[in-house]
Structure formats: structure tokens, C-alpha cells
Amino acid sequence: MRVDGREHQEIRKIEIIKDYTMHAEGSVLYCQGNTKVICNATVEENVPPYLLGTGKGWVTAEYAMLPRATGTRNKRDISKLKQAPRSTEIQRLIGRALRGALDLTKLGERSIIIDCDVIQADGGTRCASISGGFLALALAINRLMEQGLLEENPIKKQVAAISVGVVNEEPCADLCYQEDSKADTDMNVIMSSLGGFIEIQGTAEGEEFDKKQLDALLSLAKRGCKKIFKAQKKVLEK
Amino acid sequence: MRVDGREHQEIRKIEIIKDYTMHAEGSVLYCQGNTKVICNATVEENVPPYLLGTGKGWVTAEYAMLPRATGTRNKRDISKLKQAPRSTEIQRLIGRALRGALDLTKLGERSIIIDCDVIQADGGTRCASISGGFLALALAINRLMEQGLLEENPIKKQVAAISVGVVNEEPCADLCYQEDSKADTDMNVIMSSLGGFIEIQGTAEGEEFDKKQLDALLSLAKRGCKKIFKAQKKVLEK
Amino acid sequence: MRVDGREHQEIRKIEIIKDYTMHAEGSVLYCQGNTKVICNATVEENVPPYLLGTGKGWVTAEYAMLPRATGTRNKRDISKLKQAPRSTEIQRLIGRALRGALDLTKLGERSIIIDCDVIQADGGTRCASISGGFLALALAINRLMEQGLLEENPIKKQVAAISVGVVNEEPCADLCYQEDSKADTDMNVIMSSLGGFIEIQGTAEGEEFDKKQLDALLSLAKRGCKKIFKAQKKVLEK
Amino acid sequence: MRVDGREHQEIRKIEIIKDYTMHAEGSVLYCQGNTKVICNATVEENVPPYLLGTGKGWVTAEYAMLPRATGTRNKRDISKLKQAPRSTEIQRLIGRALRGALDLTKLGERSIIIDCDVIQADGGTRCASISGGFLALALAINRLMEQGLLEENPIKKQVAAISVGVVNEEPCADLCYQEDSKADTDMNVIMSSLGGFIEIQGTAEGEEFDKKQLDALLSLAKRGCKKIFKAQKKVLEK
Amino acid sequence: MRVDGREHQEIRKIEIIKDYTMHAEGSVLYCQGNTKVICNATVEENVPPYLLGTGKGWVTAEYAMLPRATGTRNKRDISKLKQAPRSTEIQRLIGRALRGALDLTKLGERSIIIDCDVIQADGGTRCASISGGFLALALAINRLMEQGLLEENPIKKQVAAISVGVVNEEPCADLCYQEDSKADTDMNVIMSSLGGFIEIQGTAEGEEFDKKQLDALLSLAKRGCKKIFKAQKKVLEK
Amino acid sequence: MRVDGREHQEIRKIEIIKDYTMHAEGSVLYCQGNTKVICNATVEENVPPYLLGTGKGWVTAEYAMLPRATGTRNKRDISKLKQAPRSTEIQRLIGRALRGALDLTKLGERSIIIDCDVIQADGGTRCASISGGFLALALAINRLMEQGLLEENPIKKQVAAISVGVVNEEPCADLCYQEDSKADTDMNVIMSSLGGFIEIQGTAEGEEFDKKQLDALLSLAKRGCKKIFKAQKKVLEK
């Protein structure tokens, strides 16, 4: 049994507050266990220079943690004049994953920025940012549809992410911080609701991993993502 | 009557969630109307160099807004490699105000950092940060008392702040964003529960103001702060 | 009696050198006691983006101290890649105060930048920057008038500032550094020659202050500003 | 057949110049096809603060490209005051991968920094940096052994990396830039000479990928890494 | 005849105000024609890490221009987060030149920082900074001698600098801005009162220069520096 | 005899690899003894704002050292958010020197950027960057001529640089690092193939130098530059 009593394939409780902040075009508070992320989508009627005139839109993401989202306080990026390298890496991942959900041509020449701000961290914040970020994106697109600014819905499929890992030689789904910090292998799997992989990032923290372990982790991830797709759907259908 | 139906001396509804995040030594979500600020207090067992060996502690504050706390998205400080000048000014004000609440010698040689992160802005965010920041500070100190790390409570008095201003030639309390943006005079008043002033910052945005208007605004502020002191007390007595 | 022999309502000697540097459109060296500030006004034929097409002009200020303006050397901002937070706060104050002196519509779509560089500091540098900055601004505008670039003078009134404070329980005007560093309450008051307030910033450094003290300080400020208005006039009439 | 005439499983020609620069403790010029990376290892007799007193050492990496390593010139990081986000991500990957090769306890409390500077880029620069970086690391450790500063060799296994991807629906090994820029799925696989995975990063640039494609890519990667292990061995045995 | 009526070997009028600011250990306002530089010396009882324990002291310089020292306003370094490259180059030159004046062993393990702030520029600001900076340095050392902190005077010789150049095919001394901007060859010569060269920096802006021109310029420089040595002496003997 | 057995007037062996990298418009690896610099020229079809519409082109240079080009590792500029001041100074020198080689009007409104990246340093890196940078520039211009983008060759003359200095009281040519670090006088001389001087920078590190020493150093420099001009010619005629 796991530190919080879950079974190895069990993911944490998902709670989502729709329309969490009032100014953003799309907004949710996405909670998975004790991990809580505010995901806000902003629509801007411009695109990066290299897309001008292509008719294509763009989706990008920014990720940050409040200083006290974690057990010890992290200094703000601005006080070090440098984004935390971990945040740089994570926001590039979120951006790639969410772009995978869309037909950017149908979006037209506009940008959607997904701000993922972690207010409380307990493992899996990058995955929660992707699963919640997809919702903020979808809500913003719904609004564009309602306003008649989009003719066709550019969303091709849902996108969700889950962390899986080998803890005490046992493959587990949705690691909390305590598990994550002693996992041998740690893998973030991003999937689409069509069943395929959008991104896989697996790292051997301690011992290397083999094909068999990889296969076990991917099948846990598949199962976990299904639960998240269901939770996302419930929010979007409200 | 005002844009949101309030009378000129009436302040907005205050809602406070105690222990809002789980890692901080003191934490509240402080809401006044649609303005919502997460206030987290962190205790660190060190002081700035110039206090080493003095036996005195320190309280400092940091203030920031989530990019989409406002109607249009603000770029993150780190993307401009510069803290927003408005934030610099505000966090200095919060720090001064909260230090005024304490006997720093009784705190001992430790620092308390108050992080005020605005997740939704509708006017009065600096005042909400002070009123909520006081609570985070008090909760962190309660914990130090409970842990036996402090013998005597260093808190001398409660501290609260309210914005007042002249809108359409009428002095009003607790301006929301729509009122604030067209006010002639805008004043932030920080008071203590003992009845005195800790800081007054009054600015004539348009026409200059006279002594009579100043007096009217200060008496509205006094009335408003009293309500906030009551709300703070209720949280601390829970 | 005060440390430098002045009476409590007495302000320090004001000395102003007009046209202090040769390149600026308006320039003075403003000295109040041992505090010395070079105030240079630059006229630029452009405005910030949000004023384009409005027909309105803009006034902004920058404030800095030479590294050795003070008793111990301050590192230059550039060596820390960060403007001193105190300077950020002060230059915002100077800008707001000087904009209050003008009808920005009469200025037309141009900007005036007031550079306030403190070459020697002995308390009250922000107030000296405002009182001297007003002169640099007025001289630059005079030149625009002479060149026929302005039809109507946009200056509505003179602007001056003075620091007042409670020292040894006595309200005093125009604190020097030694007084300022032990004052209980410290207040910067910015007034116009029409008699009203443009900005009031009062801070309780130690004990909080009450309404009676506030009133006493404001009346000292009024008296002090009158002296400065007279000195400013003499320069402008030369 | 591929753009450069290779078969789908064929990797590019590997050329390695040992002891490429004269000052570094370990140095190679690692070339795979037209991709050329200078890998220099520096030994420093200190560790990051959190390892002090643990008896453990550290390995970290820095990655950069010369401005004209690519078809169009990239501005230097310093001119933008920001490391290219891509470099941030890559150097974290290189560091993790190379730490996986070592028993850090056997290294003792010292750090080895691997500088990977790409002088010519034609796809696969992060993989070349890992494969070449391992050599620089091993050479630096050999020197420590020769100097009697290490009793036991901390290297547990060789580490190498290869990029694989689906190009025109065909899984291919060791993509050159032209292939990489039109690949549907792009995967970087880091393996050890013991046969296990150290890191897998697979991204669907266009269409998502399925388990079957993943398996095909991983088996190409295994084959490619074997060739690199052989080339590394030849250099180390010289 | 030259633009300002001088003969080709004639230098501009030198005016020096001793003890210009009140806080610095050594301070002058150094004026050569319309070029005006505040030179302040600060003594700090520490040295850079690489001199710790050597018994040697250090002299370093910082150079900056007020934004409106020039005909058009220059943005402050901090607003670009980068020191003007020209300032970087100049302050390194000033530091090298002034270190040449001292026996750093006699200075003991302390640092002297020379701040050169140009308040008005009309050509030759780097030379004026060296000639004036030497005075600030000497005054600070005099004070250390008076305070009994130094037994032996570490000053070996006076140091002065002058710009010379070929203007309209005629070698001229002490170029003003108007001359400097159209000179073919521009040379800064730093000499000691013992008669030798400390630094020569000669640049062909347009046509290259030959040995004969170089010799003519150096002999003008020698003559000019003599005048400056005399002016420096007068200040130090006051 | 010198540390490496050379006679005092003897320069180190020059080795130049033409077309060293494949993407740059002009590229060489320039080696003088153990000093090795990659010089890449990039042609961009734009000019700095102040040249727009003048019909003139621009040449600029950037200089950097790989972290381990030297005996001890230098941190990258980006980790300190500041270009090494020495690099700032050197790249300004390289730019000035190379602009001296060209008729910028014949270049037309385009820019050529010369990137000089030192991969191994053993003294004289700035001079090697100029001598090699000239070649990269010339190769890029040759390509523009071949492409018919230039009608007339803008190169007026070859440019080369050499360091000379007084070591153990003996004037020597082309100092290696060991000599340079104990030289009394250190001089960098940039000459043109027409025989004149483009820039002279001579610094007395220890004792000042006199006219006689200067003359001796300049004549060594002339001799050394002739050898470099010959080596450059051979590369260009290949």
C-alpha cells in the first residue's frame, strides 16, 4: 500500500472549479490531490512574427509556482533575474502538449496563452497544468465560438497528462511528492482522448529501466488519463 | 448611489479563508468584493546582515499579481527582467505597515516574509494585501507561540488598510476598480486597532484636494478599518 | 532647538543655479541646505504608445543618486541589474507631482523627461527633486514658448514639496538627514501654489500618529511650501 | 532512401578527436555527420551547498551553440540577457544523463562540469553532446585516477544518446536537420552500455504516435547506441 | 585657427573645485572647457578576493554620464540592464591608469574606488576623468595619511591624460566634441609626471596614420599633460 | 631566448583552416601558436537605424571565449547576466579595426557580423581575432561578389594585428600567455597592408615606457604584421 493508502494504479481525487477567475477568457482551478493549479487562458488577436500571414494561430504556456507552493519558500524568479530552469522546461512541455490538441489553422491568426500558476504543490504539477490547461483552453475556445469569432471548433481531441513511476520496485500512477522524491523511474505521459501518445518523458533517477517496466508504466498512464478525460468532459458539459 | 449599489461609506463584503494553503506557516485567502489575494507567511530563522547580533527580527513583504488578475493580461516580471514599478512601491508599503504591528525585539532574530499574490483584482489590492497580510503574519506568530519558539507575543496591535477617494465629488470608501479609475483623489489609509494612523498616502489624480476633503476621507477610512478589524478578529478567534 | 540651530518651523536655505548644464532644455542645480540635486528637463517629440493620437503630452521623471551622494557609498543600479526600490518609488512620485502642474492637452503630443540626479544628500532629496524638477520643467516650457512650439502655456500652477516630521515629539519642517533618521513620523507633502494638496505621504516610523499631529504637520508644510514658491518665482522671473 | 542516401536504420559517420583542447581536464571534438560539438570537462574541488558533508560529488552540464552553428545566425544569450529556453532544457537533460553514468559517492566531494559547445549543427546536437560529453567526463576521471585523486573508478557504465523519429511514416535513426524538421514523431533516447534506458523523450510534432511506433523507434535507438558505445570505447582505449 | 579660436597646441581652460562633495574621502569637480566631471574617491577597508592576504591594495574606477550630459539624452544603463559598452571600456582605462600612480603595497589591504560622473560633456571626458580622478585619489590618500592610517605615501607620481588628434590634417591638442567628431585620428595619451607613458590609445577613424603623425601627436600630448600636472599641483598644495 | 625557444622578433606559427564551418558566409579557424579562434562572418541585409537611407553598410564584431579556453574555467556571460568587460572592450576594438579595411559605401546597406569565438587561448586572442576576422570578412565579401550582389570590391586593404611587449627588458613580438602575464609593457598594434597604423593600444603594466621603447615595439609590430599579411594572402588566393 502507498503512503496515502492508494492502490498502485489509483489516481488522486480530481476537483475542478470552472470559471475560477473572472477576467480570463477561460479559467479553472485544477486540483489533483493536494496539487492545485490556477489555469487561465488569454486570447490575444496577434501571432508571433513567423506566423504572420500564414492564417495559423498559436498556443503557448507559462508556468510558475507561488513562492510558498512548496514546503520551503522559493525565491521569485524576478529576484534572481532568471526564470527557474525547471519552469522553463515545464512551460515548453505544456505549450507543445496543448498545441497538439488543436488544428491551428482553424484557430485563425490569434494566440492563446495558458498561464499555469501552482498555488499548492504535492507532485505532478506539470501534469496537472496540462490537464487543467486543456480545460482553460477549451473554455476560451468555447467563448470564441459563442462570440462567432470562430466558425469551426479547432479542438481535435482532449489532452491530459499523468505522472507514473517505479516506487519501491512497484509501478505506480499519479505520484505524490513523497513518492516522487524516492522513485527510481519517473515518467510523465501526455495522451490524447483518441488513445495515442503526445509526449513521453521518462527518466531513470536511480537505476536504469527496461522495456518491461516501460510497458507497465505506459499502461498505468493510459488508465489514469482515461479518468482525467472523464473529469474534463464533465466540466465542459456543465 | 455607487456603481455597485453601495452607499458612499459602505465597504465591500469581506470573506477570508483561513489556512488557505498547506505549506505556509500562516496563510489566508483574503477577499474584499471581487479582489482576492493569497497571503502566505514564511518564517525563516535568519535576518538581514544589518540586524545580525541586535536581537531584533524583521518582517518584509512581496507583492505580485497573476498575469490574468486583471482585465488585460500583464506580462510576468521575469519576461521583462524587471519588477513592475507599481509592485515595488506596493511591497515596500506592505512591509512598512506590517512591521508597525510588531515589537521586533520580541520576535527575536528571525524573519517573516509575507507573500501577497493577487489572483483577482478589482481595486484596493494593496489594502487587501495589508489587511490579509496581517492575518497571515498573526497566524505564523501563533504557530511560533504554540511551538514554544516565542515567549511573549510580539504583536502590539492589529493593522488594516482601506482605500478611500473622491468620486463624482463625493467621498467614498473602498473603491472598486471602476470607481478608482475615475476618482479625483485616491487615498490609501493604514490604521491600527489602537486608533492611530500608520501610513497615509493621498494623491490628487485630477484636481488638487483641500483640508476639508482630507478630513472627510480620513473619517470614512476610520469607519472602514473598524469593520476590517472585526473581520480579522473573527478569523483569529476561530 | 534643532541639531543645526533652526527653529521648528524654519526651512533650510534654498540656493538655485539656473541653466546649470548647457545641453538640457531646462536645467537647475537645486540646493536646500546640504542637499543638492541636478534637475535637467529633456523635451522629446513623442509620447508613450497609449497617448498616440490623443493630442495629449506626457511628463515623466527619473531619480538617481551618485554613488557617493551619501555617507557610505551605494553601488550603482547597473552593478545590481536592478534599480534601487527606493528610487523606483521616488521617481513615480516626482512624475505624478509634476504632471499635476500641467494641462497635458496644452502641451501637445510631446514628452518632457525630468532627470533628478542627487549629487549630495542630506535629507529631503525627493522633495528637493520635485521643487527643482518643477523649475527644470518650467524652463523647458519657456523655451518651447519662445520657439513658438506652444501657443498657450500649459503650466497651471507651481508645484513644490517639503518633508515634515515629528522629532523628539516636536513637529518640525524640512528635516535634515540626522533628524529624519530618528523621526517618529515622517511626511512628504506636495502642494500647489493655488493652496491645495497634490500628494501627502505620511509614515509612522515608530509610534503611530493621530489627527492632531497630522494637522500640525500639514500646517508646517503649507508654510514651508510658500517659501519655496517664492524662491521658484525669483528664478523664473530672472 | 533518405535525403543523404542512408538506410532507415543507419546512423551517420562518427568522428572523435581526443584531447581536442589543451586546458580542459577532459576534451573531445565529437562529430556525427555534420554535427560537431566541443565537449570539455572541468574538475572543480567543490560541490553545491546541499552536498557539502555528504561525501558525494556532482556532475553538471552547460550547452550552447556558437551564433553561426546554424543556417541563420542566432543572437548570443547575453545580448538577450536570457539563456535560450531550448538550451536550458537541453543542458538539464545532459546533466541528468551523465550523472546516471557515475557512482557519485565514489567521485568524492568534487564537481565535474561538462561544457558542450556546438560549433556546427545538423540535427541531433543534444544527443551528440551526451555521447561526446560522456567521453570528456571519462577522460577527466581517467586523469583523476592517474593523479591518485580517486581510488576507485566511479564510472558504472557508458552512456550514449541517439535521436530517432518517424519520417514519411518510416521510423529512422539519427535524423539530420532536414529530416528532423519534417518528422512526425521525434524521440531522443539515452541508453547505458548495460542495455537499459536512462531517459526517453518522445514528442509527437504532428500526429500522435502509438505503442507500435514507439517500440519500433526504441529498437532502432538500441541498435544506434551500440555503434556509439563501440566508437566511445575505441577512443578510451587509445 | 580652431572652432573655438584656440591654437593647435593649446589646451582648454582647466578649472578644479576641491572638496566638491561633502561625503567622499576625496572629491573634485574637474572642468576642462565645457567638459565637467565629478570625481569622488571612496576608501573601503577590503580588497577583491584574489588580493586577500597579499598585503596589497587596489584602485578601481567607475565611469558614467548623466543622461543629459550630452546634446541628446542617453537612456540610463539600468533601463537597458546593460552598462553602455563605451563606459565599460573607459572605466577599465581609468582604473589601469590610476593604479599606475601608486605603489599598491604601500596602500595596504584596502580599496579606493574612483567614481567619475560626467555632468556635462564636450569631448575628452575620459581624459578629464583620469586627470580629475587622480586628484580625488590623492586627496583621499592625504586624508588616510592625516588619520595615521598610512605610514608612507603610496603615490609614486602624478597621472594625467589628454586627447590629441589630427583635425583637417593638422595635429591638435585637447579636442572639443565638434573637433573630435570629425578627426581622422584620435588618440588618448596618459602620462606620468616623471615623463613616461602609462597608456597610449590611438585610433584611425578615417585614414590610417603613419609614424610621423604619431610622433607629432605624442609631442603635443606631452606638452598638454605638463599643463595639467601644474594645475593638479596647485590644487594639492592649497 | 624566450620561454618557447623563439627569438625576440619571431612570431608563432600561423595555421589557418579556410571554410571551417559550413553555415557561415565566411569562416576560418585561425591559429597562432596555441591560440585558436573560430572566425565566422554573417551577412545580413539590414543596417543599424542611424545608417538607414545612407547607402552605407556596417561591420561589427562579437568576441567570446569558450568557458574552458583558459587554464581555469570562466563562467559563461549569461550566468552572470553581464558580458565580461574584457570582451566588451575587445569586440569594440575588432569592429573598429575591420571597418577600417572597407569602403562602407561600396558595401551597400548591409551588415557583416564577425563572430570571434576563442576555443583555446594562449595570449594574443584579440590580435588573432582581428587577423582571422579579416579573413572571414574577406571570404564573405568574395561570396557577395560571386553572387553578383556587389559590383565593386569594398576591401581597401588587408588588416592584421600583433601583440608586442617588453619582457625582461627586451622588446618581443607575439607574446604567449606566459610572457604576457609578466610583461612590463603590453601593446596591441593593428596595421594595414598599406603600411600605416589603424590602432595602437599600449599599456604600461608595471613601469612606464618611453619613446625609445615605443619605437622599438612598433618596428617589431610592423615586421610581425607583414608575416600575417602573407599568410592571409595565401588563404585568399587558394
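The chains carry the letters A, B, C, D, E and F, assigned in the order they are written, with residues numbered from 1 in each.
In this section, a contact is a pair of C-beta atoms (placed from the backbone, for glycine too) under 8 Å apart; a residue touches a chain by one contact, two chains touch by 3 or more.
Keep in mind it's a predicted model, so treat the numbers as computed, not measured.
Asker: Taking touch as defined above, what minimum step count separates subunit D and subunit F?
Answerer: The fewest steps needed to get from subunit D to subunit F is 1.
Asker: Which whole number of Å gives the spacing of the CA centres of subunit B and subunit E?
Answerer: 51
Asker: Using the average of all C-alpha atoms in each chain as its centre, how far is it in Å between subunit A and subunit B?
Answerer: 33
Asker: Counting only Cα atoms for the centres, state how far subunit A is from subunit D in Å.
Answerer: That gives a centre separation of 28 Å.
Asker: Which residues belonging to subunit F are in contact with no fewer than two other chains?
Answerer: 81-83
Asker: Which of line, ring, star, complete and other names the graph you get from chains that touch?
Answerer: ring
Asker: Touch as defined at the top gives a ring of chains. Read it off for me starting with subunit B, then subunit C, then onward.
Answerer: B, C, E, F, D, A
Asker: Show which residues of subunit D lie in contact with subunit F when the two form their complex.
Answerer: Residues 21-24, 27, 34, 38, 40, 42, 44, 62, 64, 66-71, 73, 76-78, 81-83, 113, 115, 117, 119-121.
Asker: Which subunit F residues qualify as touching subunit E in the complex?
Answerer: Answer in residue numbers: 81-83, 85-86, 88-89, 92, 96, 100, 191-192, 194-204, 207-211, 214, 218.
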